[in-house]
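In what comes next, chain A is part of two complexes: it sits with chain B in the first one and with chain C in the second one.
On to the complex of A and B.
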């Protein structure tokens, strides 16, 4: 084992010599059906230091969605996608990135979010709501961290807004972080801005540790997994909101008004399922709604199909003209006869809804985040 | 201490193993000047014959009575040097070894550092050797009988060998029949012998051998004692069938009210059985057993008016009042042959084993191709509603092996070959099928294995180099998502049937046997042998040996070879009729012992008991050590508040001066 202070070679950093070239990574990689990416080949070729620059210039390194299927499946504990991220880092460091990526990273550095929005407006989503704001001097059981996308994108803002109403109604001990809350860095990490990400981890750890939180509750699975895997020094445990809601459900604190006689299919987000190992909670929440018929995709749970929303793909357009995975997903849902595709991730909402509209299915179908649905069913 | 210590110090070069980082001459020169040291020499290989002669000669000529050998770990050569000095007339326990190889030359790079540390280690050994006491080696009688736990092929073979040599064997099998996993196999690689044909005669021999007492449907409850003298207690579980009356006719099973409703363990749940059953037709003993968990009468207290089995049994063998029985006996040695569990394919959910009936395990395939299996040997699957012969068949290797994501880093050693064998058997039955094997390496290491692999490929079985990542369903087809790594091509391969080449895992219930016999696990969680190379069938508990897959995955040839080795080792004490017991045991100073019994609870070998003694007219409790059980580990001594219990050769009065001589190590 090398000490972190010593300089590691690319081969050491990604444990390339641990690879047995079994092909499970590429075999599982969802984007191989539409892009030219072969992640195992990269793990193999990156051993040659002289070839790294050439590899970094290949367009397909930007096709990775950071779904982590390759890492979950690898029998030797490698994280093949991080080899691609390492190559992205070389490009980011050379400054030759797409303007969209550059702007997003710049925005994280200056405003604490990748959406080029001002920090001063981070809490705008709270408008008209009675929200408890966290105070470092006051212990709180559930400290909420709101994802940048949820805070700024009006399409998914309801996730946070409905959450506040639900918490108020259920009498939960909670507080939301004030506006100095900053991006978790999930996408900064996958876009390869290593230096910026290290800084974010350091700063956010310090910021979050100022609070006396029983646990940190995240609204997005991306923040959830990023905190859990890349923030070793956080004082409080991190959970996803669906875990909290199932607790409330089991304690009889959640009740729904009326019925929802719909066929709902749940799509497992990669960051919540494959990476976070949370499969049952979202399903339990959906099943608790009277009238709902819960359907299942053929490719579900550990075998869920990625929607291509992660890995910085929000800022890098794929060159492939082949069917998007989110389209495949919507078609599968349609074939199942689903009225609603429910997810528990803001990115999945955006990609799946986009494809649903692209396929002209707006009349027949709906893509929702679970929190949106629950908000509509809450007795106010 | 009667005579004045005269110490001889022998510093070994170990070729260049030691001498390249330790200046051995400097160490000897240094030792020569220490108190009571009469001779100090170096030699290239102390353990060699001339090395030992050197010591013996000095003992004769210089009158040495204490020896220090500075060389390798005492685990390696302590017995060698003990024997050598005893031959020259010195008590074998007047020996100390300074480990200047593992603890010194192998861990230092600089010769100065290595030499300085070697000097300290040597002076510490000299300090101690002067204070050692002479010890006597004792012998006790050994019971000429053996216990074999588990009656798979390993246990059966070991039992037969020991019994053939003329010793009594108690063969204890947990399930109603002997045979283990091998009984479930169809044909066996690489020679394709039919498994039942070669196994059944041995099963019968084991049951009929005059020297073997077969205790089937039984479990070992207690083992006390030590090598040569183990006291064993076995629970014979109630079969609810009178063993002597049952003729094995099977009328009961054909009439049972839950007939064909209970998944048969033997057929991997693919076939069904009754609540009263014989696990398989060739089962030994051929006696029926009532499965108490499924029998209507035993679970609900009622089965029609009278239980059907009772009604039809002509021999009147059914007895619902039967209770567990206990038998006790004494043995000199124990062999653990408890086998393995196949890897549970549900633990790799990406393969959809729980979701898709047409994704099966290798164990299931064995039953499916077997003529005595649930389909009579026909490979048939359901394609939706319709029963078909599969056309596209994929076999996947390394499922649950070599895979840190499920915590199994090891190779299961049999899957490469059994998958090849199954491909051959499938080819036999489905001449037109397209068969492919997904692999990451082909390990054809055994006798005849590579030749078998060559044959199977030429039977038009495609080997695709890539370990699949996922299986899902598209229409009626199973999609195997993989990469052909030889041409870097990602694939979605549509097939009808997938066979998962599941690996071998330690048994989930092994803890019970571990605790009974104080055994440990190696990092792969199988039972740990005493030495991976030189004592591969021994364990840390003297008199307890390992055979078969209990010790690690292996094929039948290796299992049988190991079983024979374990039998031979177990017979050493039985044949000698005596065992030597460790002389370096703990002793209690009964005059100072306070009777608190702390040591009793701490001793990992249950070697200490409390006894009442008369101390100046008062009856007091003191601790006493059973020398046959004590390993001299010293745990007791660390716990004793009054320093009353001390291991011989490791008394405070001996090791404190040794530690003092080390000084402060840099």
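On to the complex of A and C.
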């Protein structure tokens, strides 16, 4: 028997009675083109508590990427995707999840990251760099939180490494958290492990509040949005690194060497744009590079197409054999004549680059995180 | 059905470089993550599946430090009923026979139908503890089990042999089975389940509590002397021995002899 501690309050918790069945959620949902997901139907059917177990067993609840398009579009202010997450919780609490999901969640509990890496190696990305480490007794203006994916995945480590070099060069008052830093829980939340997520919020709030930080600077939009939305008791405000860099740019502290005569198209990550409401800063940074011609996707800003990297999808394979949204995105970029697809999210780098390689476009195109590009142009 | 399941807390050596401690007799495990031994996780799942299908009780048994309690609580969150953890630094844990003796001490005197262990431990790869445990308990065993069916007073098991062969054997209970990975799909232990499992009984015991004479399971009792650990040097020398089988055997024997290995 599947259990949810919230069965009694499902309708209240997700405000199901507020739904007017207008269908804007499903109408905007990007995964409907490849999966059998109709989120409006779930919002409708979940009202019947006797049906919850049956709904929870439907495979399509795992197709949601938590892109939040449905929540942005809902005229009644509902978060339709959270109904799907609530159903996932029922499955997670029965223990019968995909092995990949199981291992990721267990790794968060035991090692503080979803990538099954040892906590003791969390700071290995700093090797050979001169990094200031935060001390609870010393006030610091910019306290950096490094996302688990950036800390452990060699493909995206440069985001953090370049950041350190840039901060040292620009003389910014900063410090990075020591190795007790733990996962923000973004993917734990969307995978539906409610109990674990509650524990993370409690533990990390306590941990982060020990520091006297002017603000917490996040490198990944997933951490950014999660801290902002789900951590009400954090002492310090939370910003995304692109906000800090635009400040530095405006103060004349960022200068680039040479020119980059490239056509760059910027892909709005769902967690930075739709959820974090940051659209302009990444564009300003890219435009500041001499020689760059900034292109725009037709689907941009609030309407940006999801790369399918969120919602725990890093650990849940889609059954659909139809074209991945990241492939569609790369093809669109190609049609625009872009040389570079720039993003500001480690997950987007991984999904988009994968599709770019899959399409055999490695020679013609590049997928980069903005920090990677800036690292190459920075005067060291 | 009363089942004991033996689980070990082991380091994952795949992610960080393996380094030795200055004593040359132990591995520096400060940079590794620890978790339940892979095969033991499948043994836990199998014990819980049996309990779910036909009732009974599952007891977790482990020799290990306090920090391994999280692993034990996870097993209990999945459905195991109680646990015994042996913590005693007088055990010669490098010798599977000594380990088996201590595990047997944790089981003897209690009623049991099945004891499950993993078929091997990811850290020392002995593949011997379960088999030795059966000997200590004086019961039947089957190693490398990748399928089992319980029948009245018996268990029919599929054993994986080398080269991909399968052997099907029937054993009278009680018996020890060493479980191979892949026999099932271990479930996830949700945090709420782990919290509830805090209420289940976890006894931490010493050799004295188990009535085991430390002299019988310590380094003096062990026939295995751990002299030295070292990281093998990576060498690329390989000699291919050519010829007819008899010739090859002769050449090989002579090489081994010259090398002082025979």
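Methods note: the second predicted complex is superposed on the first by the 372 of 380 C-alpha atoms of A that agree within 3 Å, B and C clash if a C-alpha of one lies under 4 Å from a C-alpha of the other, contacts with A are read in each partner's own complex, and residues count from 1 in each chain.
Everything that follows uses one rule, which is that a residue touches a chain if its C-beta (ideal position, glycine included) is under 8 Å from a C-beta of that chain, and two chains touch if they have at least 3 such contacts.
Note that the structure is predicted; figures quoted are calculated from it, not measured.
Asks: Do chain B and chain C fit side by side on chain A after the overlay, or clash?
Replies: Aligned on chain A, chain B and chain C fit with no clash.
Asks: Contacts for A:121 in the overlay, against chain B (first) and chain C (second): which applies, first, second, both or neither?
Replies: In the superposition, A:121 touches chain C alone.
Asks: Which partner does A:93 contact after superposing on A: first (chain B), second (chain C), both, neither?
Replies: Second partner only.
Asks: Angle at the Cα centre of chain A spanned by the Cα centres of chain C and chain B: state it in steps of 10 degrees.
Replies: Apex at chain A; the opening toward chain B and chain C is 140 degrees.
Asks: Which partner does A:295 reach: the first (chain B), the second (chain C), both, or neither?
Replies: A:295 sits against neither chain B nor chain C.
Asks: Does chain B (first) or chain C (second) touch A:73, or do both, or does neither?
Replies: First partner only.
Asks: Please work out whether A:22 is in contact with chain B alone, chain C alone, both, or neither, and reply first, second, both or neither.
Replies: A:22 contacts chain B only, not chain C.
Asks: Taking the superposition on A as described, I'd like to know which of chain B and chain C A:52 touches: first, second, both or neither.
Replies: neither
Asks: Closest Cα approach between chain B and chain C after superposing, in Å?
Replies: In this superposition, no C-alpha atom of chain B lies closer than 34 Å to one of chain C.
Asks: For chain A, which residues lie in the overlap of the chain B contacts and the chain C contacts?
Replies: Shared contact residues on chain A: none.
Asks: Hey, which residues of chain A end up touching chain C in the complex?
Replies: 5, 92-97, 99, 101-102, 105-107, 109-111, 116-121, 193-196, 199
Asks: Which residues, counting only chain A, touch chain B once they are in their complex?
Replies: Going by the criterion above, the answer is residues 20-29, 32-33, 38, 40-41, 69, 72-77, 298-299, 301-303.
Asks: Could you list, by residue number, the parts of chain B that touch chain A in their complex?
Replies: Residue positions touching the partner: 349-350, 352, 398, 402-405, 440-441, 465-474, 481-485, 488, 490-492.
Asks: Using the touch definition up top, name the residues of chain C that touch chain A in the complex.
Replies: Touching chain A from chain C are residues 12, 15-16, 30-35, 70, 74, 78, 185-195.
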